[in-house]
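Note that chain A is present in both complexes that follow, paired respectively with chain B and with chain C.
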Partner chain A sequence: MEATAKPVAGIADLPMLKIAKYVVYDILRNKFVLAYLLFLVLVSMSFFNLESDPAKGMMSLLNIILIVLPLVSIVFATIHLYNAYEFTELMLAQPLRRSDIFLGQYLGVAVSLCIAFGVGVGIPVLLYEGTLRGAMLVGCGLLLTLAFVSMAFLATVLSRDKARGIGIALLLWFFCTILYDGLVLMGMFAFSDYPLEKIIIGMTFLNPVDLARIAMLLQLDAAALMGYTGALFQHFFGSVLGGGLAVLAMLAWVAGPLWAAVRIFRKKDI
Partner chain B sequence: MQHTFTFLLLLAASALHARTWVVAPGTALASIQAAVEKARPYDTVLVRAGKYHEPILVTKPLILRGEGWPVLDGEHRNQPLSIRSNHVSVSGFRVVRCGSGSLEDQAGIKVYNARYVYVFGNILEDNYFGIYLSNSKRCWVTGNHLTAHGEVEQTSGNGIHAWKCDSITISDNRVQGHRDGIYFEFVTNSQINRNWSAGNVRYGLHFMFSHNDSYEHNTFIRNGAGVAVMYTRNVTMRHNTFSENTGGAAYGILLKDIQRSHISDNIFVQNTAAIFMEGCTRSVLERNEFRQNGWAIKVQASCDGNTFRNNNFFANTFDVSTNNQLVLNTFEKNYWDKYEGYDLDHDQIGDVPYRPVSLFAMVSDQMPYAMMFWRSFTVLLLDRAEKVIPSLSPDNLLDRSPLMKPYVADTARQ
Partner chain C sequence: MNNGHIGFERIIGPNGSGKTTLIKSILGMVVPESGGISFQGQPIGQDGQYRRHIGYMPQIGRYPDNMQIGQVFEMMRDLRGATAETLDEELIHAYQLPQIYQKTMRTLSGGTRQKVSAALAFLFDAPVMILDEPTAGLDPLSAEILKEKVQREKKRNKLFLITSHIMSDLEELATDVLYLVEGRLVFFKSLNTLKTETGEERLGRAIAQIMQKTTL
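On to the complex of A and B.
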C-alpha cells in the first residue's frame, strides 16, 4: 500500500488543492452554503413555475443573478476569510508558500459557492430552459461568483479590521450593481449631444455586472436590440472578436483583483 | 364564390364544343404559341413536360394546363407568359428566368386589363416580378410557389404584384426572396388569405391606397422590414402571424395613415417593433398576441381614436412607447404580463390602472444607446419611481381596466 501511494505525487497532492479541499469541507459543514443553494433552487423553481413563459422566468432570474449573487458571494467570502484568520495563521506557520495558502483558500471558497450556484440554478434552468441562453445564464453566474469572491479577497487583505473589510466589500458591491450604472447614465445624459456608442461599449468592460447583464441582454432582448444603434452593440458583442473580448474582460475581473490580493498578502505583516 | 361559380359554368358550357390541343416537344405541335393561335376560344391547351423558350401571348379565353411541369423559360430576356384576355386559366407550369428591366416591369406571368383570370398551382423561380396583375378584375392567384434570390431592392421585383385591381383573390401562395412578397397598389375589395411570405428583401406584404381589403390567416416571417400598410381605409387583418422581422427599420406591421381598420386575432412574435402606427385614426386592434417583441406597440402622437382592446402582452421588452405627451387613443381590458396590481373584488379586472409606457422606453427612444442599460438595477429603480409618480411618460396613456389573466378568445364566435 505504502509503496504504491508514495511515488504518486498527483495533482491532488499540491498544497494549494489540499488547502482548498479543507476549506470546502469546512464551508460545507457550516451549512450557509447549503442554505444558499436551497434559496437558489426555491427562487429559480418558483420563477419558472409562476411565469407561463420560460423567457420571463429567465428575466426574473437574471435580476437575482445580477443583485443577490454578487452580494452573497462578496459578503460570504469576506466573512469566511476573517473567520478563518486562525486557520490562515496556522497554515503560515507551516513550510508552505503564502500564495499557495491564499489561492487554496480562494479556490475553496469559490468552488463551494460555484457548486451551490451550479446546482441551485443550473438544474432548474436545465429542466425548464435547456437552451443556449440557459447555459449562458449559468455561465455568467459562475463567472460573476468568481469575480466577486476575488474582490472579497482583495477587500480582506486591504484591512485587518473585520468591520472595515466588510464595509469595503459592501461598497464594491454597491458600486458595481447600482452606482456605476447611475454614474454612466448621468454622464450619458450630460453628453448626449456627442456620439457615445463606442465609449459606452468601453464603459461596460469596466464593470463585471454590466458585462454579464449585456451578455444576457443579447439573448433575452435580441429583438429590441436590433433596432437603431442597438444593432451596433449586437454587432460588437455578437461577433467573435467582441464576444471573445467580453469573456477576456470577465476573466480579467476574476484574475485582476485576485492577483492584486496575492501580491499584497505575500508581503503583508500578519 | 359566386364568381367562381359563373366561371365554372362558363367553362362547362364551353366544354361542349371545346377541343384539347396537346403540345409536346418533338411532335407536330411543339410550340405553345402556335397551339394558342390555332385554338378557338375556350379550348384547352395541354402542355407536356419539356422546355419552352418562346414568349407566349394569350389574347383569347383559354385553358392552359401543364402536365409534368413543363418549363417556360424567359432566359432573362423575355416575359414567358403574357395574358391579355378574359377567362384564361393557367396551371401546372414552371415559369423561370423572366427578363428584367426598368422600362417595363417584366413578370413570370403578367395579366393585362383582364377579368376572370385564374392562375393556380404554378411554380415560379428566379423571376424579376413573379405574378403581375395589371388593371384587372375578379382574378384568382392561388396555390403558387414563388422563389427568387433577391439581394437588394433595386435589382429585384415583387412576388405577387397587383396594380389597380378590384375583387381579386390571392390565396395559399408561398413567396420568398422577392423584393416585396405581395404588393398591392390601388387594389380594392380583395381577399388575401392563407399566404406564406418569408425572407423577402423589403416587405412581406406591402399595400397602399388599397381600400376595403381583407387579409386573413397569412404568415409573414423574416422579411427585411416586415409588413407595410399605407394610405388605406377599411382594412381587415385577422389571424395573421408576423414573426422575426428584426432590424433598425423593421416592423411587424407599419401602419401609416390607416383609417377605420380592424386588426384582430393576430400573433406577433420577436419583431423589433410589432406595430408601428403613424397617422392612424379610428381603428380597432383587438385580441392580438404580442410575444417577445422589442416594442409591442409604438404609437405616434399623430394617431387618434384608435382602440386597443383584449390584447395579450407577454415578455416584450417594452409594451408601448410614444413620442409625445398627447394621447388620443384608448387602451382597455388588455392583459399585460408586467402588471402588478391587485383585484380585490375578483371581477378579473385589476383595480389599479396600468401604465404600459416605461420611462426607459421613452429614454431609449431619444438615446438609443441607453438600451445598453436595460435590466440594470438602477434603471429598474428609476422605472419604479416613474411608475409611482409619472413625470416624463404621458400620464393619460393607461389601461384603466387591465385584465388579471390573459384574454382567451371565444372560439365559438370565430
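On to the complex of A and C.
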C-alpha cells in the first residue's frame, strides 16, 4: 500500500540488487572467498616469479586456473545456495518476485567470486603482463566463473538433497575439466583417418573450459605446437567471426543453465 | 475458498492434514497442482506484490545463521521498503528484542526465534496476518503477550488466519473455524454454531467429537 505513494526508486532499490547485496554481506562474513582470493594471489605471484618469461608464467597459471576455478566456483556456489535455504524461504514470504530472489542470489554469489578472481589474478597479471592477453586471461576467468556458478544454480534446483546436488555439481566439473578432453582425444584417435578439424572446433563450443583454454593457448602462441589442428584453430578463432562466436558461446554457457534454473525455481515448492 | 469472505479464522486438523501446505499455497511457496489462489479478488501473480499485505509467522522460523537479530530486522525493513512511521514495533519492545540485537540467529533458542518471527510478522502492519502455530514454543508470558496483540489487532479489523492444536488459544481468538482432513475442507463454521451443533461447551471437546466421527 505504501509503495504506490513512494517516489520512483533508484537502481540500488531494485529488489534483485538488494538481495544480491545481502548475499554478498553473508558471503563476506565467512572467510572462504577471502582464502580463495589469497590462494589465487599466491599462485599467480609464484608462477610469474618462477618463470623468467611472463608468457610461460601465464601458461602455467592458465593450467591451474582451468582446474581450480571451475571447481571452486561450482562447489562454493552449490553449497552456498543449499545453506541459504532459510534465507530463500524468508524471502519467499515477502512481496518479491521469485525470479528476483533467485537472480539476486546468483548475482551475489557471482559478484563475490568474480571479485576474488579479479583481484587475486587480475592484480598480479596487471603487474607482470599488462597486455591484451593478460586482460584476456582475466576476462576468460570471469566468464568461466559466471558459467560455473550458473551450472551450480541449476544443479541446486535439480535436487532438494544437498549431497546429491553437490554430487551433480562435482560431476559437471569432472566432465568439463577432465572427462570431456579424454573423450575428444579418444574420438580423434578412433577416427584419425577422417578429416575431423571442423568437428573438433564444433566440439570445443560444447565445453566452456575448452573454449577458454583454446582461446588462451592461441593468444600464447602455443598453437604452433598443435600442428595442423592448431593452425586451423588459429585461422578460425583469429577471425572476427570465430572470436565473436566464441564469446557468444561463452555467454550462452552463462545464460543457458541460469535460464533453465530460473524456470525450474519459479515452479518449485519450497 | 474465498478469503475475502472469511472473518477471523482458525485452521485446525489432524497432523499432516495440509494446514501448513494451505498457508504455503496462499503465500505462493507451494504452487498448487490444480486450481488457483485469489487474494482480495485478484489471482496471485508472479510478482508477489500481494504479499505486501500479508504478515506471516512461520511454524518454525528459520533465518540466516550468520545474521544478528538486529540485522535481520534491518534487512526486512530495507527489502519491504518500509518507512519508520508505518512500522509496528510493539512486539519488538514487548519481547525486549533490542537488548539482544547483537546475538546471531544461530545461537537463539526455539522460543526466542518464535519471538523474532512474531515481531517480524507484525512489524509491517499488514492487514492480513497468517500465524502458523504461533504459541507453540513460547513461554506462557510471551504467548500471552502475543494473544493480547492478536486481540488488539483484531479490533483494528485485521484478518487473521491462525493454525493451532491448542484449543484454549483457539477459543480465545477465533470467530470461525476451518477444519481440514487430508487437504479436504471438512467444515468452515463459526465458533458458536459449532458449539450449538455438538452441544459441547468447550471447543476442544467439540472438535474431539467431530474428529472421532470422521475417523470412524
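By definition in this document, the second predicted complex is superposed on the first by the 256 of 270 C-alpha atoms of A that agree within 3 Å, B and C clash if a C-alpha of one lies under 4 Å from a C-alpha of the other, contacts with A are read in each partner's own complex, and residues count from 1 in each chain.
Note that a contact is a pair of C-beta atoms (placed from the backbone, for glycine too) under 8 Å apart; a residue touches a chain by one contact, two chains touch by 3 or more.
The shown structure was predicted, so the numbers you read here are calculated from the model rather than taken from an experiment.
Visitor: So if we stack both complexes on chain A, do chain B and chain C clash, or do they fit?
Guide: fit
Visitor: Examine A:Val75 and indicate which partner it touches, taking first as chain B and second as chain C; both and neither are also allowed.
Guide: Neither: A:Val75 stays clear of chain B and chain C.
Visitor: Per the contact definition in the header, classify A:Met188: touching chain B only (first), chain C only (second), both, or neither.
Guide: A:Met188 contacts chain B only, not chain C.
Visitor: Which partner does A:Ile200 reach: the first (chain B), the second (chain C), both, or neither?
Guide: It touches chain B, and chain C stays clear.
Visitor: Just chain B (first), just chain C (second), both, or neither: which does A:Phe233 touch?
Guide: In the superposed model, A:Phe233 contacts chain B only, not chain C.
Visitor: Tell me the contact category for A:Ile264 with respect to chain B and chain C: first, second, both or neither.
Guide: Neither chain B nor chain C is touched by A:Ile264.
Visitor: On the A-aligned overlay, A:Asp13 touches which partner chain: chain B = first, chain C = second, or both, or neither?
Guide: Second partner only.
Visitor: With the two structures laid over each other on chain A, which partner does A:Leu170 touch: chain B (first), chain C (second), both, or neither?
Guide: A:Leu170 contacts neither chain B nor chain C.
Visitor: Considering the aligned complexes, could you tell me the closest Cα pair distance between chain B and chain C in angstrom?
Guide: It is 38 Å, taken between the nearest C-alpha atoms.
Visitor: Under the touch definition given earlier, write down the residues of chain A that touch chain C in their complex.
Guide: Going by the criterion above, the answer is residues 1-3, 6, 9, 13, 15, 18-19, 22, 26, 29-30, 83-87, 89-99, 266-270.
Visitor: Along chain B, where are the residues that touch chain A in the complex?
Guide: Within the complex, chain B contacts chain A at residues 246-248, 250, 270-273, 291-295, 314-315, 317-318, 337, 366-381, 406.
Visitor: In the complex formed with chain B, which residues of chain A make contact?
Guide: That would be residues 52-53, 55-56, 59, 62-63, 66-67, 177-178, 181-182, 184-185, 188-189, 192, 196-197, 200-201, 204, 210, 213-214, 216-217, 220-233 of chain A.
Visitor: Flag every residue of chain C that touches chain A in the complex, lowest number first.
Guide: Against chain A, the touching part of chain C is residues 24, 27-31, 46-54, 56, 58, 62-67, 75-76, 78-83, 86.
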